[in-house]
Structure formats: C-alpha cells, structure tokens
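Labels run A, B, C and D following the written order; every chain starts at residue 1.
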Amino acid sequence: MKKEQFISMQMEGSVSLPAVLLLNYPKLGLLEPEMILLLQVQLFIQQGNPFPTPDELSGRMSSSSPDCSMMLRGLIQRGFLKIEEQEVGYEKYTLEPLWDKLFRFLTVPEQQECEPEITDE
Amino acid sequence: MKKEQFISMQMEGSVSLPAVLLLNYPKLGLLEPEMILLLQVQLFIQQGNPFPTPDELSGRMSSSSPDCSMMLRGLIQRGFLKIEEQEVGYEKYTLEPLWDKLFRFLTVPEQQECEPEITDE
Amino acid sequence: MKKEQFISMQMEGSVSLPAVLLLNYPKLGLLEPEMILLLQVQLFIQQGNPFPTPDELSGRMSSSSPDCSMMLRGLIQRGFLKIEEQEVGYEKYTLEPLWDKLFRFLTVPEQQECEPEITDE
Amino acid sequence: MKKEQFISMQMEGSVSLPAVLLLNYPKLGLLEPEMILLLQVQLFIQQGNPFPTPDELSGRMSSSSPDCSMMLRGLIQRGFLKIEEQEVGYEKYTLEPLWDKLFRFLTVPEQQECEPEITDE
C-alpha cells in the first residue's frame, strides 16, 4: 500500500457505531439495509456533505437509487431521520430522531420499574 | 436514564467501522445484511464470545437463525470470514480474510499504475 | 505497507473516545497523561490483558514504570479506576468508576435545574 | 440523564484513536499532552471548526493558553501538524503529517527486511 493511500485512509477515519445501537436496532424496527443507510448518511455528514442524494447513497450501497430514495422516505416517515433547513435553501439530514427513539427505547423499561402499574380494586 | 444504564452503555463501547470499508463493501461483493453480520461477529469477539451461534446472531438481527447460518456459510465460502481453532476443541471466528480482501482491493489499482500494460507491437 | 501489517493494523482496531469525555476530562480532575493511561488500560482490556503491569503500560507511554505505578495508584485513590477480582486470584482493571464520575458530572447541573435551592426565610 | 443530554452526546459522537497510533506515539516522539492536543484538534475539525485558537484548545485541556500555543508550534515544527489555506484568508489544521510520520515509522522495518544492507568488501 502506498503512503498516499494510507494517509487518505486515516484522514477518512471511521464511523463509530455504539454497541447499544448495534444490539437493539431490530427492536427499534430497523432492517439491516436501513441501518447501513443511516451509517452512510452519518459518514456523508462527517465528510461535509450533509444532504447526500439517493444517487450518491446508492453509489456506496448495493441498493439502486430508487430503492435508496424509498428507504430515505420510509426512515423519515417512521421517525429515524429528519431533514433540517441549515440556512435558507440549504437542507441537511440529522440523525437526531434515531437517538431520540433509542433513548426512549432504553428508558421505557426503567420507567416501568419505577412506576409500577397501579391497579385500584 | 439511570446511572447503571449509562455506565453499562459506556462499558459496552462501540464498534469502529473504517470509512474505507463502508465506502467499498459493495465492491468487495458484500450485501448490507452480510456487512452487519460481520459487525455483529466483531462485537461478539470484543465481548469475549468469539464463536457466536446462528441463534445468538439472529437474536441481534432481523434475520432468522437459519438465514444467519446460511449467511455465515456464504461468508466463509466466499472468503470474508474464517473459523480458527483457538485451542483443541475451541473454535473462534476471525475477520482476517475480510481485511485481506480489502487490502487486495485497495492495492490492485496501485499495482496497475506501477506496472503499465505492455503492448507489444 | 505490506499486507500482513495492514491486516494486523485492522485487527488491532481502535479505541473509541467519546467526545463528551474528551471535552470534560479536565473538569473531572484528570491530567493528559492520566487520560492516556486510562485509554492504554482500555486497549489492554480489549486485547485480552485486563491487568497490565506498570512495566507493560510504561512500554507504550513516555512515562517510566514507577511513574505509571504512581499514576495508577492515584487514579484508583481518586476514583477513576478500580481493581476487580475476576476469579479467585485473578485481578482485572475496570473503568466503571470513570463512567460513574462522568455520569454524575453530566447530571449534576441537570438536577440543579430540577431542584432549585430552597432558601428558608 | 435527560433525553436532550443523551441525544447531544450521541450527536457529538466520538474520536476514534487507531490502536497502532496509541501503541506507537512515544516512538514517534510525541508526549501525552501533545497526543491529546492532536485529538482535540481532530475533534474541533469534526465539529466544523478546523482552526481552533490556543484559547479554545486550552478550554478543553489542563494546559494554559500559552502552553497550548507553544505545543502547537512545536508540533508544526517537528512535522506532526500542518496549517493549510482552505480558501484565501481561511486557514485550517490538518493531521496529514502525523499519518505520514506513522506510515514511515511502520514501513521502515519492512524496507529494511526487503532491502538488506549490502556490504561487499
């Protein structure tokens, strides 16, 4: 491997996937291609392109551009991904809803423990 | 979120996915569920269980146990995953073949640059 | 770079340092050499050696073995690191107290917001 | 921990430190506070501020602003860090020289193996 390749590999860095997400994404209702699509969106954001097109995403996945488009729409509708307006006319994706969902998933059992059902008979 | 949950989340840590792999896994011939399965294997290894069963893998994925079993077999046959004998009678998975494949993928164009086609006229 | 080096580099992986810790370790009372020592301990744990000696730690740092020894003692006394008995006679380090401290640091302001000081006049 | 804190913690993400760097930074000639300073620079870059001031760096470290300033200068002079002009008048740090140094460190023994000293007298 040449020096230039090694350097660009290190500069590109890596995407860090919290174990707690890898352990629980199916329970959140995510399929594997959707999980990977979210990682790709995160990598695009890290690389300074916060609003990749379905074409750009498809170029890094084994899914076609229309399939990526459909997955993006599904992830937005089911509350895993959101489009934000950065400045007028500039949009960007944010994974905030994913972390919101994960937090609520992780803390629901906790609340159930704390607040036992009160059955008054 | 309770303290205990936060601590166990930090202790579980995260799986680091090099950008160069996320950018190129489809060109290596991997599908998204296979890419995630390899990450799950890596997380099991990190957690001290280097030979998870199809059942254990299926419990963290949206694929059934027979599907995980088939994927594992396919990954081994196509040279992305290997079973090694740790000590007599104890087996473990290793992702070594995946990194081998990635290295050869990354360096092939390099070699082509170094060794220009010889056209004999 | 040779293939074997690339593979072993990928197999060794990386240590993931949460931004929230990198942003706040000085406020927790940690100095830079101590922060790095904790990362070295974590890497040793990941590599299957959960109880590295001061000598082994010193071999990867710019601090001498007695300095590493003193830092370890200080980290244990000030509640950033703990020694646990794995099985009888086998000890290991755990970073649990670090995450405990971080959690309490992050949530104190929160509690202060929720529970305003009561001044009784 | 409140939901907002958890979300912002996940959005801030983490800095990934390759094991090969953590194992070898002293051999490259780096001290622990310098290693952490480079990680802080990388985190600032990830957060969209590619040219943090000594003051900003000092705010996240246990070193004073003049000390950070001196460390930055030392890292640039010894070839671990570089200032690049992004666009006219806008400067940014790049860790490219660090990875360059690491590559050369890792591959020197390799070349020595490949090209044994020829002493023909």
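By our rule, contacts are C-beta pairs under 8 Å (C-beta built on N, C-alpha and C of every residue); 3 or more make two chains touch, one makes a residue touch a chain.
Computed from a prediction, not measured in an experiment: that's the story for all the values here.
K.L.:
Which pair wins on C-beta contacts, B-C or B-D?
P.N.:
Counting C-beta pairs in contact, B-C comes out ahead.
K.L.:
Please tell me the distance, in whole Å, between the geometric centres of subunit B and subunit D computed from their C-alpha atoms.
P.N.:
Computed from C-alpha means, the inter-chain centre distance equals 28 Å.
K.L.:
Report, in whole Å, the distance between the mean C-alpha point of subunit C and the mean C-alpha point of subunit D.
P.N.:
Each chain reduced to its C-alpha mean, subunit C and subunit D end up 20 Å apart.
K.L.:
Check each residue of subunit C and list the ones that touch at least two other chains.
P.N.:
Within subunit C, residues 1, 6, 13-14, 16, 18, 46, 103, 107 contact more than one other chain.
K.L.:
Would you identify the shape of the chain contact graph, picking one of line, ring, star, complete or other?
P.N.:
Topology of the interface graph: complete, with all chain pairs in contact.
K.L.:
Which residues of subunit D touch subunit A in their complex?
P.N.:
Residue list for subunit D touching subunit A: 3, 6-7, 10-11, 13-14, 16, 18, 46, 94-96, 99-100, 102-104, 107.
K.L.:
Given the complex with subunit B, which residues does subunit A contribute to the contact?
P.N.:
By the definition above, subunit A touches subunit B via 1-2, 5, 9, 12-20, 22-23, 26, 30-33, 35-36, 39-40, 43, 46, 60-63, 103, 106-107, 110.
K.L.:
Would you mind writing out the residues of subunit D in touch with subunit B in their complex?
P.N.:
By the definition above, subunit D touches subunit B via 1, 6, 14, 16.
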